[in-house]
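Presented below are the structures under discussion, each in the form of structure tokens.
Common to both upcoming complexes is chain A, partnered first by chain B, then by chain C.
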Partner chain A sequence: MSAQLPALLPRPLNSSFSTKLPTLQLGIDSTSLGEFKICPRRYYYSLVEGWQTRLQSAHLVFGIALHKARETYDYARSSGAGHEDALDKSLGEVLQSTWNSELGRPWLSDIPIKTRVTLVRTVVWYLDTLGQDDPLQTVQLANGRPAVELSFRFDSGYRSRLTGEAFLFCGHLDRIARFHEQYYIVDIKTTGHSLDERFFGQFTPDNQMSLYALAGRVGYSIPVSGLIIDGVQIGVGFSRFSRFPITRDEAQINEWYEGAGHWLAQIEHCAATGSWPQNDKSCGVYGGCQFRKVCSRSPVARQTWLEANFTRRVWDPLVARGET
Partner chain B sequence: MSNQLPQTTILAEASPESFTELMNRDPLGFTRQDRDAIVAALRAHRERLEKTAASAPTKVRKAIALSSPADAQPVSDEDLGI
Partner chain C sequence: MPNFRDYPASQITKMLLLGHTGAGKTGALCSLAAAGYNVRLLDLDKGAEIIKDFLINPKSIYTRANPGHWTAEQAAAVLDRFSYVEIDESVSVKGPNLIARGDAWQKITTQLGAWKDGTSDFGNVSNWGPEDILVIDGLSRLSRAALNYIRAMEGKMLAPLEQSHYFKSQNLVEGILELLYSSAVNTNIIMICHIAYGEMPGSQLTRGFPQTIGKAIGPKVGQYFNHALRVKASGQGSLEKRMILTNTSDMIELKSAAPLRVKAEYPIETGLADYFADVRAR
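== the complex of A and B ==
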């Protein structure tokens, strides 16, 4: 039996999808795989069709700006700037990116702990704490650039049984740093909660960290020893920071890799049948699915709702950072 | 040729008023001195918070526990600058 979704608008060009089976994604990053694991229908709407809410979430704006601040800082330091000058560059970048020049006002957030003021405060305090005299030294690449916002892709070893095309694993790493002659992937994670065992515990097991651990083994010429989370706690009146190592041994990476094969087969099955089932046990998790109001409508009314309340974008993880 | 006045290296007064005013101004026209004033205000804020925390009654915090002794090998918080 087949319960195919109605054919929707032509999808924008996305190089991470198969040319033979256009709804089959071959370039798989942690976001794509994670969305499918949560719910195939959610994955279909957000990755295959490319729908996203019209208003960019404050979490996303805040996260992008904080990552960009660290990247700007690392670039400045690698070109010889001292802490104060690099911080100044970083701050200038953050202030500009959160100023709406069309409306002549600052970016307004609907989340009290993630505002322009808490962002600027977090950037300054974070770089004062974990930028200046950072024992994790950002690696300098052979081309002279710092190892920040690094894109990776490699053959997953899995192939589509239908098209014969290879699935690629891909993504973008925040930073690779050296510490005591060993190399680590460093990732910034923000939270409104305490930086305690519970917070850091959520990264084991974790789809993104496991893929990064695998990428660290096979995706780079640098032998990566592990991952480190730069945890950033943000409150209305304070920001706190803590670092924590995330480990994956060989057996754990293999276990994740085997599981990934299972999930890729399911992605392929859904693409082949055009059937992307709802996982209705996931609608309320992670703060509630953005597509809940779509799925709560009759199938015949969903397209109208999507077009009225969402906009389309291309999530193409095969495009290296800096190419868009 | 720029007709701007030479910038002073002295930090602007980092009052809460100037911070708020700066955060509501278009940063396109900011000088280094403006950004330094923001940094100075935020550092002063942090210092005040840390002083307050230091003088407050001690609250025992649950230490971050590593999941196994093997996990502790790569780095510790202290090593990493925390």
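== the complex of A and C ==
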């Protein structure tokens, strides 16, 4: 019996996919690879078909706004603004991005610790703590811009056995900073839990950090020594910050790279056969899969459910955000 | 089925060398250079001065033949085989305080990745061989460098120590230990350590452990080394005697990967060279 999924709707244009085998993604970022590792069916729905829930996750809104705040702050500082002025610009960005002008009201979160108020507080405290006089100095690129929201792409060394096209590794880095004589990729991660060994331990091994470590070695002219996590703990009445260096030695990077080759072959196999199996052991992890209610229905009813409850977007990691 | 008759005697020794301050740990390294090893010392303790006298003083036993230990030819080149790189924390002055910059850790990891000693370039430590010995003197300063690095990157050098600073720096130190112990590093390692007393995990027994940061990893350090020896000074004045011990004593657990081939104790002057020879004997 064939488990092939029907593509009932034409997919939006996405430059990260093959033109020869349209369901084969060639531009692979950590999100795409991570989704496939969790569950091929989840990957199919979210990356190949581009479905996402109509209501954006509060975690996502909060995370995007905090990243944008840091980016705005770094741009302002880079153009000569002092801490207070840069913070003002950053807050202006946050307030604007969390205001729904169509409805004339602020963004309403369904998570008590991640609200507009805790976001503003977190931005102010974060930039006061790890922005002003930051020992990690944001690198200034040759074009005069700060090294924030940097897009990267490079040939993975793997090729599609079906189409002959190259798989590219790509993505976007939050920031490259200099600490003493070395350069680091700095990534902000938020959590509602303590910034303890368990929190930082989740980044080793970790798909995203390993790809970034590889990108740091081959994707930039800046010789990157490692990665640093800016951990942000958000509580109802407080926000805390802690930094943690993430290390990957040569052997660890090679191990990840070899594993990636295995996963790319799996992606290709699924694209070629049109069969994207469910990993039903992953349905409950990471707070529960957003497609669980889809997969829990009969295959014949799923498309209707998707169209009724989800909307489509294009996740194209090859679209550059900043300067490489 | 592999037979232990064919099991090769190890040509690589990864060793903890424990001892209290002044016991003679650093000076004990000279016999290895005299015996033909290339000894490269990462001096974090600023304790290399003693080596100079041992290697250039004509009265020194290391500058002439010592039958049964090293030849005149080996002794003649001892100075060329022993080199050191001193790494220290940079400091800045802020009011009445001297503040560490937290840059020693980066210098250490850079040095291990590309060993440069003046004009000599010995490359990555993982490319060294059985005739080379990396000595890190010592673990206490290495750990302190990790702690300073962690605090400095948060701009908290003057702030009180936080609990998280311990696990973060311990994580870095364990990372280095894992790397040095791994098969990727196919050279000899000697990690010089001071001794700190504490309780054995899961019991109330007091034991001496390698001194590092906090209490969590001291008891675990030994697992990254196949050999743990101790340098001990006893007696006073003309009766003072310095020995290298291989058996557990004074609540300090020692070990050897060749317990039946090595002696219970060695004289400090030739001990490390003899120990290396004994564990390599078939």
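Convention: the second predicted complex is superposed on the first by the 319 of 324 C-alpha atoms of A that agree within 3 Å, B and C clash if a C-alpha of one lies under 4 Å from a C-alpha of the other, contacts with A are read in each partner's own complex, and residues count from 1 in each chain.
To be clear about the criterion, contacts are C-beta pairs under 8 Å (C-beta built on N, C-alpha and C of every residue); 3 or more make two chains touch, one makes a residue touch a chain.
For clarity, every value in this text was computed on a predicted model and none was experimentally measured.
Asks: For A:102, decide between first (touching chain B), second (touching chain C), both and neither.
Replies: Neither partner.
Asks: Answer with first, second, both or neither: which of chain B and chain C does A:117 touch in the superposed model?
Replies: Only chain B; A:117 stays clear of chain C.
Asks: Using the superposition on chain A described above, determine whether A:196 touches chain B (first), chain C (second), both, or neither.
Replies: After superposing on A, A:196 lies in contact with both chain B and chain C.
Asks: Given the superposition on chain A, which partner contacts more residues in chain A: chain B or chain C?
Replies: Answer, by number of touched residues of chain A: B.
Asks: Looking at the overlay, does A:228 come into contact with chain B only (first), chain C only (second), both, or neither?
Replies: both
Asks: Contact-wise, after the overlay, does A:128 reach chain B, chain C, both or neither (first, second, both, neither)?
Replies: first
Asks: Give one of first, second, both or neither to describe whether A:258 is in contact with chain B, with chain C, with both, or with none.
Replies: neither
Asks: Mind working out whether A:238 is in touch with chain B, chain C, both or neither, as first, second, both or neither?
Replies: first
Asks: Touch test for A:182: chain B only (first), chain C only (second), both, or neither?
Replies: Touch status of A:182: both partners.
Asks: Once chain A of both complexes is superposed, is A:247 in touch with chain B (first), chain C (second), both, or neither?
Replies: both
Asks: Touching chain B and also chain C: which chain A residues?
Replies: Looking at chain A, the two contact sets intersect at 130, 133-136, 179, 182, 195-197, 200, 225, 228, 241-245, 247.
Asks: For chain B, which residues count as touching chain A in their complex?
Replies: Chain B residues touching chain A: 23-24, 26-28, 30, 32, 35-36, 38-39, 42-43, 45-46, 49, 62, 64-67, 70-71, 74-75, 77, 79-82.
Asks: Within their complex, state which residues of chain A touch chain B.
Replies: 87-88, 91-92, 95-96, 99, 101, 104-106, 116-117, 120-121, 124-125, 128-130, 133-136, 179, 182, 184, 195-197, 200-201, 204, 225-226, 228, 237-238, 241-245, 247
Asks: Going by the contact rule set out above, which residues of chain C touch chain A in the complex?
Replies: Counting only chain C, the residues touching chain A are 101-103, 106, 110, 149-150, 152-155, 164, 167-168, 171-172, 175, 179, 182, 184.
Asks: List the residues on chain A that touch chain C in their complex, please.
Replies: Result: residues 130, 133-136, 179-182, 195-197, 200, 225, 228, 241-245, 247, 249-251 of chain A touch chain C.
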